[in-house]
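Before I ask anything, here is the structure I am working with.
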Amino acid sequence: MSGQTAIRIDRLGKRFGAGPLVLDDVNLSIETGEFVCLLGASGCGKSTLLNLIAGLDRPTTGSIDVPAEGAAVMFQESALMPWLTARQNVELALRLRGVARTARRTEALELLDVVNLADAAEKRPHELSGGMRQRVALARALAQDRPVLLMDEPFAALDAITRDLLHEELERVWRRTGRTIVFVTHNVREAARLGQRVVLLSSRPGRVAGEWRIDTTERRRIESPEVAALSIEITEQLRKEIRRNAA
Amino acid sequence: MPHDATLLDERDAAARAAAADLARTPEASARTADHGHDDLRSLEAGLDRLQTSPDRAPSAWRRFTTSVLPPILFVVALIAAWQLYVVIAQPRPDIVPGPVDVFNAIVLGWESGRLQLAVITSLERGVVGFLIAVIVGTPLGLLLAEVKPLRRAVGPIISGLQVLPSVAWVPAAILWFGLTDATVYFVVLMGAVPSIVNGLISGVEQVPPQLRRVGTVLGANRTRLATLIVLPAALPGYVAGLKQGWAFSWRSLMAAEIIAMGGTIGFGLGSMLQQSRELADIGGVLATVLVILVIGILIELAFFAPLERRMLRRRGLLQGGTR
Amino acid sequence: APQSAAGQTAAADAAATTEPAAELRLGYFANVTHAPALVGLEEGLFADALGDTELTTQVFNAGPAAIEALTAGAIDATYIGPNPSINTFIQSGGQSAHIVAGAATGGAALVVREGIDSAKDLAGTTLATPQLGNTQDVALRSWLADEGYETDTTGGGDVHITPTENAQTLTLFQQGGLDGAWLPEPWVSRLLADGGRGAHVLVDEADLWEDGAFPTTVLLVRAEFLAEHPETVEALLEGHVASVAWLDEHADEASTVINSVIEKDTGKPLADEVITRALEHVTFSVDPHAETFETLVENGLEAGTQKDGSIDGLFDLRLLNTLLEADDGEPVSAGGLGEE
Amino acid sequence: MPHDATLLDERDAAARAAAADLARTPEASARTADHGHDDLRSLEAGLDRLQTSPDRAPSAWRRFTTSVLPPILFVVALIAAWQLYVVIAQPRPDIVPGPVDVFNAIVLGWESGRLQLAVITSLERGVVGFLIAVIVGTPLGLLLAEVKPLRRAVGPIISGLQVLPSVAWVPAAILWFGLTDATVYFVVLMGAVPSIVNGLISGVEQVPPQLRRVGTVLGANRTRLATLIVLPAALPGYVAGLKQGWAFSWRSLMAAEIIAMGGTIGFGLGSMLQQSRELADIGGVLATVLVILVIGILIELAFFAPLERRMLRRRGLLQGGTR
Amino acid sequence: MSGQTAIRIDRLGKRFGAGPLVLDDVNLSIETGEFVCLLGASGCGKSTLLNLIAGLDRPTTGSIDVPAEGAAVMFQESALMPWLTARQNVELALRLRGVARTARRTEALELLDVVNLADAAEKRPHELSGGMRQRVALARALAQDRPVLLMDEPFAALDAITRDLLHEELERVWRRTGRTIVFVTHNVREAARLGQRVVLLSSRPGRVAGEWRIDTTERRRIESPEVAALSIEITEQLRKEIRRNAA
């Protein structure tokens, strides 16, 4: 499984209408089963890049290769359908994937159990806390059963305690399902905590400004010294990028 | 670190192998597969418990005393003051009738059967007219909401039509349809359709773009996106439009009934109002105004309010949803 | 009530406590049955009689509007039909207004389409009247009741009565939406002339009344105004009496004078044949035919267009009778319903 | 760690002393006082620059082609189709007049001066009635918004009154005030005041409680809280109420003018409409309807839309505000 | 200056209406110039406690002593008046403090300069980023010139990069102005990074469940090893508290 390329981005450029260049000459190749964190300051084009990978938008120049099955996506807002219960939200994904009506319910409940939400299956999004909503969104993304999972700052709106927990949750799911994950964040420690590889994007235009690989990803905690050390290094580079924009 | 430096380390094979190992575990029976999962599970359960507080709906008695009782008391006080004024100041009964006169007028109308007839006629017309407006307005609204160039062209016109008082259509309708029920229905349609169309358009416009994107990501085609996501999401706007459409139907109906009397037009509340006016019967006029008001409020309370409340509560858009 | 009492005693001690009003606001319809008003204005008869009191006028389309204006104090006196007068008197508990003179009698009929030749043919038809509860409306309802038909005020029953504006009635009759209408002049004549569809008179209201005399138009004065300015009302009556006399004396000129006022007020004159026929059927007289009012009230009650109540005191004919006596005329009777 | 354990360490004196040391620096001349402040300053500047993108307002030309041109083109096409139909199908001109007939009716009205008179009369009445409604509704709304028991009692009644079609007041008003301008103003008031009051109440209700608390924390007393914080914060709701109040004024005015004709009531657009109807002049009727529609739209475009837009833009509530 | 007690909380209890006890027997004493972080899970009563200190609400039992001048408060949402510019927002605080009209403008601009926002003085809140808005809110709180500053999760809604920066900013302001600061958060690392003392509140009812004192508060960074070590310790305790609620 290892070594196969899941996503290949080649000399990618993106510009909205007549606006400035948002992404410029981005080259990236992500292996199957890899957990890559995309890091960058606000407005540097992280979401744009993710949307391009997801096929929600088309590149201006360059090319993107993704698996034929496509990618599942999770956003910062859980974007659950507010009129459906947690289970029905997951079932919607199954239905759109083409799962037979009879199998949907069981599978949805199983997926909710994966994110420890079996008890909240019949609750509606507004009855769930932010962390629970994101876990439902994760279950929904898993329901799509696509080899690639794209995540756009999925934990940014959560409080720190919940976020720490969901880091563990996500790592567990990743290890268990072997998905290829591209995780967008502007939290340096989060990237250092989660990723096997951290890719730093520069701003205006977005370019790859740095890349770090983490050797041992098991038993990491956000307080681990190796995470802190890497964070200091990445922060240094990131602040350099930010300072470039002050002038 | 220079701008284009990359720190690549290829020694991640071990981690990858471990991941692959775990990925082989079937999802369904995963309950106890992971190491430390139980710990996580109890932590998550605790946090979930802490972060969701059960909806404590206010007690029925509290709701009654805070929101039902005060207006009733106010109305009773108002009526008492009115009766007192009539008793003390003895105004001319053809200018300021007492509450008793108005009540008598209602009783009289009831006993003669005119009141029931008028209420039934008006309600029937109002409801039928409203339903026609819904049948006409819904596809029109959907069309305008989904076809953007069309919306750009027709949308402002429809909004403009909402500004036009529907009474203004009465004279034209009388010339076109004579004093027949068609006149009444035409006026009701001209009043209600723009509201319904606008409600639907704004409902669709207010669908969070994120929901559409999720739909696309989940693999929905155009039709399924519309039926499974956009339409349910636009429901609050649609219901608001329907509610407003009903208000306009009722208004327009009264206008049409008051102005277009005679001919083959049936006897509705508007006609009753106008008749009372012609007989200089202020008690009858006020009684009819009261009936019109009460019916308007009743329809809203009995039909639209629960519909809207249920929908909003389901979506947590009502006060009482915790977050 | 105090106001009413004041109104009734006002005329007696008028000279002592009152003075002429600065302005008299008079209402009337631009209609053949209101000819005394039209002639009085056109020939300056009111102006002569009123002297220093300024005369302003308002044209109404229908009785209710005139009554509303009277009630709201926007006018002081108006030419109007007997039923609206009865209505306002009863509704106000006798405080609103008094009839001080008659103006016109006769001139109402049921016009129907071809194929309706007797009362028997009316079952299931739709008939129009000018307005719910007005003189013609009540007349039609009580006549139908006598003929054994049931009707009600909501348009139901064996014969459907739909109170409809006169102009609309003509259009609807032409288009076939109505089978007939009980109307005042000049609409009877207009329907006969322009209605088509073999329009003909089925019932002339004059045939239903003793002597063929029934009130069509009376002169109604606001009670407070009558109490405060009896001199002005007397002057108005003087002009009114002169108008009626003028109409009596100038029968040939009348149609031209009337038509010119109608044209001024509505923009459109009546056809010659219409106004000629109309004037043939209307009689102008200062006698309000007070004796018929009890019947009118009974009919109204039966028809359900009227509230029950006393019309005792509706008439105040003292000023009129003073004038008539001074002219050596016969006094008119209040039929026991007020001062004579 | 046991439940009630505390880890207190008293050796923070050094840090405290350092803080006290720095606290002595006067605030005003602090620009370069802190160590590393310049570094922080440049970092913050960079971040601020990155996180705020300049509002790029769409070009006037683009706004014209996307939102002004399409409805105009649509109306032109509609008129062309109508004229075509009239030319080809030759319908009876007293039932379906052509656009040319309607245009001629407008020209005729203009030349005879009736149109100007009607427009000026109606506009004057509408504006005066609306202003009275504002003068009556604003203090009433404020009172209801600020005195909670009163709001509970009277609020539902006022909302109910909004359901009552204002035409229903016309007969009563005529009985009370006769055919005078007082009738017209009464009907306009009954239509507009509830909207304005409701707008103000909901505006005040929608003031984020956080803003009130900030006001309290900043030391505002009741009066200052109301004038400096609650009122400005409630402005959007108030303006929305005013806008709706105007729409109701205009509607009610037309209803009153159409039904209450004659007497000393001046000649307005409603009267003109009713006159055209009585003359069976369908061209005139449609022309008047058109004028009523155009005036309604113009007032909204020329007065309320810019007012609302400016206010919303200042508060970043309009599309175009970045975050 | 050291050693004086700024805030003394004594056997404090709070209950809303007939609801459950939210705070129970809270005892706390905060010295003048001290920087105390109040830490706890969602809904444990942190905001309630802060509101009680601020005088926005009254305790059910027990007592709170605060300096007579009162306290300035900063909330999670900046709660700036949207119709006023940044400068006018600060001027509003000055006006309500009773500063003369003529002096307000200069002082407001000086305060905005303290938070590095002199250039954005004439912008309205919606034109500012979240971080800039919170800095304006900080300037406004400083404008009140009160000895105590209460902060209720002021940086919770910000992205990580901005938050790290505002930590430095706040520390700088604290050192420069010598304010007593009570800082509410549920981010363990934030508390360990900022506070001289960290107070952990338990949930349902809220009680003081632990207290840590940090020796050297200078030159701390969020990635510093001593911050990480303390975080691990506090997290341990916090998770124990959370787990108590699972049953």
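Order as written gives the chain letters A, B, C, D and E; numbering starts at 1 within each chain.
Methods note: a contact is a pair of C-beta atoms (placed from the backbone, for glycine too) under 8 Å apart; a residue touches a chain by one contact, two chains touch by 3 or more.
Given the structure is predicted, the values throughout are model-derived calculations rather than measurements.
**Student:** Using the stated contact rule, I'd like to know whether C-D or B-C comes out ahead in C-beta pair count.
**Tutor:** B-C
**Student:** Between subunit B and subunit C, tell me the centre distance in angstrom, where each centre is the average of that chain's C-alpha atoms.
**Tutor:** Taking the mean C-alpha position of each chain, the two centres sit 50 Å apart.
**Student:** Suppose each chain is reduced to the average of its Cα coordinates; what separation in Å results between subunit A and subunit D?
**Tutor:** 43
**Student:** For subunit A and subunit B, what's the span in angstrom between their mean Cα positions?
**Tutor:** Chain centroid spacing, subunit A to subunit B, equals 39 Å.
**Student:** Go ahead and note the Å separation of the Cα centroids belonging to subunit A and subunit E.
**Tutor:** Whole-Å distance between the two chain centres: 32.
**Student:** Give me the residues of subunit A that touch two or more other chains.
**Tutor:** 41-42, 129, 161, 242
**Student:** For subunit B, jot down the residues that touch at least 2 other chains.
**Tutor:** Those would be 43, 45, 47, 51, 94-95, 277, 280, 282.
**Student:** Give me the residue numbers in subunit C that touch at least two other chains, ranges are fine.
**Tutor:** 68, 71, 171
**Student:** Each pair of chains that touch: what are they?
**Tutor:** So, checking each combination of chains, I get A-B, A-D, A-E, B-C, B-D, B-E, C-D, D-E as the touching pairs.
**Student:** Residues of subunit B touching subunit C in their complex?
**Tutor:** 90, 92-95, 112, 114, 117-118, 178-180, 261-267, 271, 275, 277-282
**Student:** Of all residues in subunit B, which touch subunit D in the complex?
**Tutor:** Within the complex, subunit B touches subunit D at residues 66-67, 70-71, 73-75, 94-95, 149, 152-157, 160-161, 163-172, 174-176, 247, 250-252, 254-255, 258-259, 270, 273-274, 276-277, 280, 282, 285-286, 288-289, 292-293, 296-297, 300.
**Student:** Would you mind writing out the residues of subunit C in touch with subunit D in their complex?
**Tutor:** Going through subunit C, the ones touching subunit D are 58-61, 65, 68-74, 167, 171.
**Student:** Quick one: in the complex, what on subunit E touches subunit A?
**Tutor:** Subunit E residues touching subunit A: 41-42, 129, 156-157, 159-161, 164, 185-190, 221-225, 228-229, 231-232, 235, 238, 242.
**Student:** For the complex, give me every residue of subunit C touching subunit B.
**Tutor:** So the residues of subunit C touching subunit B come out as 1, 62-64, 67-68, 71, 84, 87-88, 91-93, 95-96, 126, 128, 131-133, 152-156, 162-165, 168-169, 171-172, 175, 177-178, 304-307.
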